[in-house]
Structure formats: C-alpha cells, structure tokens
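One chain, chain A, links the two complexes that follow: it is found with chain B in the first and with chain C in the second.
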Partner chain A sequence: MSELALSRGNWLERRLGALGLGRTNLNLCLGAAIVLGWALVALLAPLIAPYDPISHNLPEKLQGPGLLHPFGTDNFGRDVLSRVMHGARIDLQMGIIGVLFPFMIGTTLGSIAGYAGRWVDIALMRLVDVVLAFPFLVLMLAIIAILGPGLVSFYIALALVGWVSYARLVRAQVLVLKTSDFVTAARSLGFGPLRILFRHILPNCIAGSIVFSMSDVVLVVLSGSSISYLGLGVQPPTAEWGVMIAEGQNFITTAWWITTFPGLAIVFMAFGFSMLADGLAERFGLRQR
Partner chain B sequence: MHRYSFVLYRPLQLVPVLFGISVLSFVLVKSIPGDPIRLLLGTKATPEAVARIRALYGLDEPLITQYLYYLRNLGIGEMGQSILYKVPVLPLIADRVAPTLFLVLGSVLLTLAIGVPLASIAALKRGSAADHAIRGFTTAGLGFPAFWLGIMLIILFSVKLGLFPVAGYGETVLDKLHHMILPCLTVALALSAVMTRNLRASMIQELASDYATAARAKGLSESWIFRRHVLPNSLIPTINLLAINVGWLIGGSVVVETVFSLPGMGQLLVRAIFTRDYMVVQGVTLVFACATVALNFIADLLTVAADPRVKL
Partner chain C sequence: MSLLTVRNLSIAAGARTLVEEVDLDLAEGEVLGLVGESGSGKTITCRALMRLLPPGDLQIATGSIDLRGRDLAQASEADMRKVRGVEIGMIFQNPNSHLDPVMRIGDQIAESVRYHEEASPRDARDRAIELLRQVGIPDPARRISAYPHEFSGGMRQRAMIAVALACRPKILIADEPTTALDVTVQAQVLRLLLDLRDRLGLAILLVTHNLGVVAQTCDSLAVMYAGRVMERGPKRAVLRAPAHPYTEALLKCQPGSADPAELLPAIPGQPPAPGAFPSGCRFHPRCPRAASVCTQERPVLRPIRDQRAAACHFAMVS
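Up next, the complex of A and B:
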C-alpha cells in the first residue's frame, strides 16, 4: 500500500524529498517543536512577558492589537499577550498533571485486571463500563459540584474519571501479552507475578498508553479550559485561557482580540500535542499513515 | 438466532450498567458536603425537628436501606425537589430536554454534511494538497475548544455579518431553527474533525478492498463504485464512532448551551452547580448517563440494520 502511495506521488513527500528530508518523521518533529516552544514560553513567562498579567491599567483598556500591545488589551487594560504567555503556565500544567494521575492509576489497575483475570478483572471492567456510561464532562462537573470549584477539584475529578481509558487500553494488551512465550519463560524461571507484570509485560505494552496520553493532553486541556470558562475551574484574575475567553465574551462586539488570542493559543498547543501523538504512533509503528 | 434478537436480550446486559449508574449517582449525593436536612430547614431548626425530618426521609436508616429507598423513588420518577426552583426535579428536566435534543441531533446531521464530503475528497485524492489540507483540519480540529469556536462564529456571523442571533432559543419553529444553526455548527465543526479523520481511513481501506477491485474489473466507473459500494460500507464504522462520541457530544452541548444561553439541560446543570442545587445536579447527571446508554443501544441497532454481516 505504501509503495502504491509513493508511486502515485505524495505531494508533501515529494517536496520534502526535494529538500533532502524524505524520511523525517514530520509529525514528531513539528509536534515536539511546538510543545517545547510552549514549555519555554511557560517557563520564561515572567521574563519575556512585556507587561504584568494581573495588575490593572485602566487608561489603556480595550486597545486593539498594535505595536505596544501586539494582542491588544482587555477591559482592565491588561496586555493580552502577557496574559496568554502566563496562561501557558497554567494550561500546560493542567495538561501534564491532569494526564499524569489518570495515566498512573489507569495503567496500574488495567494491568492488574488483565493479569489477575477472574473476579478482579470482572469487577474492574464493570466499574469501567459504569464510568464510561456517563458523559465525561458531565461526570467531571458533578464531582466538581461536590468538591467545589477550583483547579485541585479539577485534578481530583480527572483522576476519578480519566483512568478508565488507560485501564481499558492496558488491560487489552496485557491479555494478549500474558500468553506469550517470554512471559511463560519468565514464569518458568520462578519470577513472581508482580515482577512479571511490571518488569516484563508492562514495558512491552506501555507504548500505546504513551501515545494515547499525548492525545489525552489535548482532551484534558480542552476540558480544563472549558470548565474554567464555565467558571468552575481556575478562578479570575488568574491568567488562564478559558478564563480569559469567558471574560472577553462580554466584549465580542467591540474587542474581538480578548477572546480570539487565548483560543488560538489553546488550538496551537493542542495541535502540537496531536502532532506529537501522531508522530509517536508512527515511530512506535502503532498506526498506519 | 434471528439477527435482531439482541434487541430483546441486550437490555438485560444493560442492567448491570444501569445498576452501576444508580449506585454511582447515589454515592455522588451521599458525598455532598454538609447535612442535607440542615440545608433544607436552615440553621435555626431545633434538634428535634431535624431528627423528625431525618426519620421522615429515612436518613437514619442504614446506607443499604437508603439506597433501596432511592432506587424505589427513581422507579416512580421521584428525583427530589429543586432547592432553587422549588419544583420536583424530573418535570424541571423534562422542560429542558427539547433544546438539548435539538442541539445534539442537529449537530450530528451537520457533522455528516461536513465530514462526508471532506473525507471523500481526501480519500479519493490521497496524497494531494487537498488531502493534506483536510488532514491538517482534522488534526487541528481535534484541539478546537467548542466554547471558543462558538464565540468565534458569533463574532463572524452575528456581530460582523448580522446573519444569526447572538444567543437565545427563539419562539416559533422557524425562529428556533434560526437560533440553533450557530450552536449546531459549533459542535459539528469540532466533531467533524474526528469523523472526517476516521471516515477517510475507512474509505481508503474500502477503496482497496477486493469487491472494489472486482467492480473495477467489471468496468464500472470510479464514481459509481465510490457512491454505490465504498461510501455505504465506510459509513458503517462511522455510526459506531458517533456512538462512542455521544458522551463527548453531550459534554460539548453542555458548554455550547452556556455560550449561546440555550435553555437546555446543560445550562440547567451548570446553574445548579453554582447554586448548589444538588438534587438537580444529580438528576441531570443521571438522565445524561441513561441517554448515553440508550443512544449507544440505538447505534448498535443502526449498525445491524445497515450491515447484514454484523451479529451482536
């Protein structure tokens, strides 16, 4: 199939080939570059942001994009570019912490379910079915309703809801791997179940979870900023992209830039992680192009 | 066995899931901080009054008995009272179903209207500049926040061009349709990215299949093969994809209803969270969960109806 595609002449591949970049994993490079770029912006935000993201500057309020304020200013005169840069700190943190806990919980429970089998497996998978029956965001909101608004509630809700996808993914692979020869070999060497599971099986099936976690970052950042937009996540005046969009919505008739730029930031960051996921999938040979 | 026989026994398989949903929503209510009786009676109530009401609602019983009460109440459609609106929860929710249903169904239709042509172009002209542009859209589209997309559409179509109302639901049917186009388009744009991506992949697979080759060997034209053979076959996995995304669709509609101030269930949920109207939060969550299960079931039905080879 791939030869057929080549012989037809892939538009992008021909152009890359002409530049001597024929075999580069474009998705991986571009995705990594975008994500690294955002990480740098987040780290250096206090140094590179031209203005303070929080303090009001009313004389310069609602100015359109210009030389002094490339992304304009909001209704309190705060520089939108500086707030977008500082927002990267919160949203990137949201994406990373928000994926880390579900990843760890889900991978552990999923591999135990797959390896132990029997009632452990049945019980855990029924629980997964129930959690999956709820719409993701609705269950998140219901938990946040109980815990109260805020970023910590968001992380807890995410840990309670988000692990199921990882558990399913890992369980399916453990089920396949646990009958393979190298596991039988390990067992015949007298290794205990924990050693076999975490030293032999898990390293062989973690790639799928890692790829999924990259696209999960997108989902987490989207739901985190949505919940903040609804007013139930990060609270103003903190510069967070969802919060900024919510604040700017009152001014869409006069000042489009307050909502537009934070949203573009979300899209651009999400694009980076999506590319990274695609690139990694290609690298691990998990997905056909 | 008849291939539709699952219509009878599949609901039985759903019983454990529905049971789990009821347990989970019971746990949600039980984890509400503070004493619900104090919340109901206010802080000035005497201990005797509190104890009386507690016994009346069965809150002094063991948890398992309380759960059985809860289940019985659900069975008769009793979901408690809204603290804010002072009315039973179920009718309150029933009033809000129409806009949400409208939004979800409209979005699915628009998603198909956007996704099918894009995926067809990308699959037929694989590797072309158009294919790359469409794949770029699908990759970027995965990361489009629905609430932001909605606001952008408002800025473009309502503020700049004045074509659609900024928010609200409207009175007459035509008026409602006019109000719902932008919200539906918002959800559809976000969803069509996922759909186009998967549809393109399954079209490419079907185009290379044996029956397509056989049809080519018979001398049928490419466009005929595509329309009559490839398209219907590649749409079948799309039904499942939509089913998987029902949860996402409902979540998206919650946010989009807030953006466009549509009086649907999502807006009810968000307001209930702000006003700590826990019975409403629980009711809406429960209804959404059951709707997800039901829609998944319908998707299974559609898959079987569309593809005689599928047996469930």
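Up next, the complex of A and C:
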C-alpha cells in the first residue's frame, strides 16, 4: 500500500521522502510556508522594513531598483519594499477578516436552511438568489458607497455579499448528510436537532468550506485591492497593495517598479493561499489525486 | 410481563399501506426474531417503534406501541427523544455508515450519557471504557480515542452496540445486525447480544432475513410477508412444525435443510410490491396450498396450538 502510494508521488515528493520528510503533502507545506512567510513579514514589518512607508523623501523620488532601494522608490520618494511589507499587514488582515465573517454567517445560515428545510430553506435560498443576482463587485461598491469608504465598510459589505457562497456550499452538503445513516443513528439516540446539526452534520461537511475559504482569501484580497484601487477601500497614504498600484499607474511607462512589485506581492500571496487550499483538500481527502 | 406491546400497527405512505395490522410482544430478557424477505416491512416496523420513519409521507396510520403504559405511537417528538437511546436502543445493519466518521468512538458513546444523564465528562468517559469492555473490545481505555475507520467491521459493530447501550436501555432493536459482517464475526456478535441479554436483562428485537440466525439466538419469532405478520410463536415450535406455508417455504430454502448436492429450492415468483398487494391472502400467488378461499378472504392472525398464531385458512387449530 505505502509502496504503491509512494510510487505515485511525483519526483519532488519522492526526493522529499528520501530526505526523511515522509510522504509530505507538498501543496500543503509550500502553501503554509508562503502564508506563514507573509504573516511574519506583516508582523515584523515595523522592524524589518528599511524605510518609513509613509513619510515623503522627494529628493529620492522615482529611483529604479538598486542597492539602497531594492524595489525602487515611488513618486514621493517612498521605498516600495517598505511599503510592500507594510501593505502585507493590511492585505493579510483583509484576507482573514474578510473571509471569517462570511464563513461564519454562511455556514450557519446554510446549515440551518439545509437542515430545517421547508419555508426556512425557501426563504434563505431566495435571499441567496437575490444577492447572487447582482454582480459581486457592483453590489460591493453600492454597499460601500452607502456606508462611506474605508476598511470597515469593506468588511461589512463582504459579510453581506460573501456569505452566499458558503451558505450554498454547506446547504448542499447538509441536505446529503441529513438523511445519512449516522444521522439516523444519532436520532436513534434521542439527540435534538441542534446537537445533530452542529455536533454531527457540520463537522462532517466543514472541510469543503475550509478549503473554499482558502481560495476565497485570494478573491477577497483581490477585491480588496480593486476596491482600494477604485478609491473606496484603504485610503492613501496608507500602504496597501491595491492603493500602491492605483498610485503608480500614472508612472507605469517611466517607473514600472511602483506597480509591479505590489502586483507581484498580490500574486504571491494568492499563490500561497491557493496552494494551501489544494493541500487541505488533499489532506481532507476531498480530491483524488 | 410484556415490556413492549405493539397492537394493530399499520404504516402507510399516502394511500399505500406498507405494513398492516402488526402485533408484537416483547418481554424482559426475550429475544424476538422478526423474519422476512427484503421489502416485507421489517425495517419500517422497527423504525416506526422508534418513531424514526424515513422522511417523506410515511407515517403510522393506526395502532398502538405500548411501552410501560405509554403509547409511543401518540407520543410527542420531545417525549420520543427521552425514549430513544434511554429506553430503547437501536443498532443498524451497516456499522460502517452508522457511526459518525469524524468523532472518536469514546466520545460517541459518552455523548448520549452526557446528554441524557448530564454526567460529568469523567463519568461519561469511564462509562465508555466500561461499555467497550462489556462488548469485548480489547484495551478499551486506549481504544476510546480511536476513530471508526481505525476499527474492523466486527469491532465497529461492537462499538455501535456500545453506543446504543450507553444509557442502559432495557430494549434493543437490532436491525439486521450481522448482515454486513462475515460469517465468523456474525457468530461472535450474536453471542455478544445473547451475553448482554443475560447480563443486563435486555429485551432484543432482532430483525433478520436469516432463519439460521433466528435458530441460534431467538426465543420466539414473528414471520412477516408483504407487510403482514404471517405467523408468530415460540421459536422451537415454529421452526419444528411451521403452521403457515410461507414459513415452511422459507425453511426449505435454508442451506442444510435439503440434500447438499442439490440446488436449494426457491419460492417461485416475486414478493408483491407495496400498493399492489394481491387480494385475500397476500401469499396466495406463491402458495402451494392456495385454494379459492385464499384469493378472496384475507386470513386473520388467529391463535392455534402452543401460544402460536398463524394467518392461514388451513392452519390447524388444536
């Protein structure tokens, strides 16, 4: 069995196996490493960033990447590397908070809809349809425009819009599981509906939502950046990757580094979270390799 | 004294009646076998006793289920929750799918103890270990933290029995508890059930399609066909001299009852589909003794000799 499993692994996994890492889940490890790396950068940004991310230094403006400024400087002479590092704090926070609330709301409402059935299900799912009828970004923009620009509005808008994916995902699985044998067995032990739903059904279907939430982080960071780019999210001069790209776009022909490095940072963080999602899916056995 | 008395129980889905006029008596310490082909209504009858009929329009149409003076057929859902697991435990055919895959075995046993008896986590854990020991799982103190997938099929069935008995119910409904197991493990699980009956005074309703299982374990049996009880009585008497042609035919189909070199005889024809039951006696299209009266008049389950009852026009009354 283990031989068979080993022989199916790819070259890199076999090398890792030879190094004594066993049958490592490559996606999971690499994804976790990238995400942890970003978390460290975010945590230590004030200590490791070489320059202040906000104060202007006009004599050194628009310098290309070099020894003093590895990522160059922007039109106010601010060090792009330092701003990318500080931006990680905002963007990571955005990714986590922006997923946590939709996750909790969506999972709860979705499982209630699936388990209760009847009019509860109909009502909640029609609400989902209403939310889904609007294009995601347009609805976000509308809600933020009403609440006023800023991160808090962004989180509220995400919570109002983003829960629907989780609700649909969880509802579908609850529908399957609620007639499953072990749920019948739990009912034969005299448990009430809340206990059956939250102790027996949810733990069995939460894995899919967790995996989805990891890829959702990517979407949230991207939409956060686009909202900031449109001027409705994080406000300048705060360092945030979307804001940086927005500010740098006027100089894209003469100073490519102002937009490229924060763009790469977004890509790299997204990459880490998607690998983590893939690795978790594999770990939870949701996907056959 | 009868612990559980079922009278005139009928279960219907809309206009179709799936189970009709079933009478059962289960006394303390008794093992009652409920026998019949697939689709004869055994499982639905069991589910109805727990009021756990599968969702849909299945419901108890008439009849009473008397448990120590209370009629479970009329009980509220809240009352039923205090009966399930506490007074009546239930185990199922397939232990692989009836245990929660992401919950430790010990937690699954302890859960109902904590839920129904509000026991402390410590006491519940001790009870879980004790129960696993009782059902014959070696090294129970370590095994309580295993997940179901770490157990073999036979051990899972034992674990499921432990879960069902966690709150010390007096009645255990076992819905084909050995069908999914291989033959050697089957015998062990049956022996365990009998052992538990002796030690705990458990009354067991054993659903099976295997007369061999009945012969090994039961005190009495009820034979169901097409949703009706065809014959019931003490095991020995019924198996030795079946009064109903259906029981007789079932017995002839058992391995060991005929010449080993011959193919086993089969009952000709198919059991009728629910809703398309034949008139008169439901067994008459397949019955070797069928006469014209059988096609018109439905025989009632009437007492014949030795505390037995049979629903056949030709059953001898002594």
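Here is the rule we go by: the second predicted complex is superposed on the first by the 264 of 289 C-alpha atoms of A that agree within 3 Å, B and C clash if a C-alpha of one lies under 4 Å from a C-alpha of the other, contacts with A are read in each partner's own complex, and residues count from 1 in each chain.
Keep this in mind: contacts are C-beta pairs under 8 Å (C-beta built on N, C-alpha and C of every residue); 3 or more make two chains touch, one makes a residue touch a chain.
On a predicted model such as this, the values are computed, not experimentally measured, just so you know.
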Simultaneous placement of chain C and chain B on chain A, clash or fit: fit
First, second, both or neither for A:I144, with chain B first and chain C second: first
Angle at the Cα centre of chain A, taken between the Cα centres of chain B and chain C once the superposition is applied, in steps of 10 degrees: 100
First, second, both or neither for A:P135, with chain B first and chain C second: first
Partner chain(s) touched by A:R195 [first = chain B, second = chain C, both, neither]: second
Touched partner set for A:W256, first chain B, second chain C, both or neither: first
Partner chain(s) touched by A:T184 [first = chain B, second = chain C, both, neither]: second
Partner chain in contact with A:P236 - chain B first, chain C second, else both or neither: neither
Between chain B and chain C, more extensive residue contact with chain A: B
Chain B versus chain C as contact partner of A:G66, first or second or both or neither: neither
Superposed arrangement (fit on chain A Cα atoms) - minimum chain B/chain C Cα distance in Å: 25
Doubly contacted residues of chain A, that is, touched by chain B and again by chain C: none
Chain A contact footprint on chain B (complex, rising order): 16-17, 20-21, 23-24, 28, 31-33, 126-129, 131-132, 139-140, 142-149, 151-152, 154-155, 159, 208, 246-252, 254-255, 258-259, 269-270, 272-274, 276, 278, 281-282, 284-285, 288-289, 292-293
Partner chain A, residues of chain C touching it in the complex: 50, 52, 54-55, 80-86, 89-90, 92, 94, 97-103, 111-112, 115-116, 160, 163-164, 166-167
Interface residues, chain A side, partner chain B - complex: 1, 5, 8-13, 126-127, 129-139, 141-146, 148, 215, 218, 221-223, 225-226, 229-232, 242, 245, 248-249, 252-253, 256, 259-260, 262-263, 266-267, 269-271, 273-275, 278
Chain A - residues contacting chain C, complex: 179-182, 184-192, 195, 199-200, 203-204
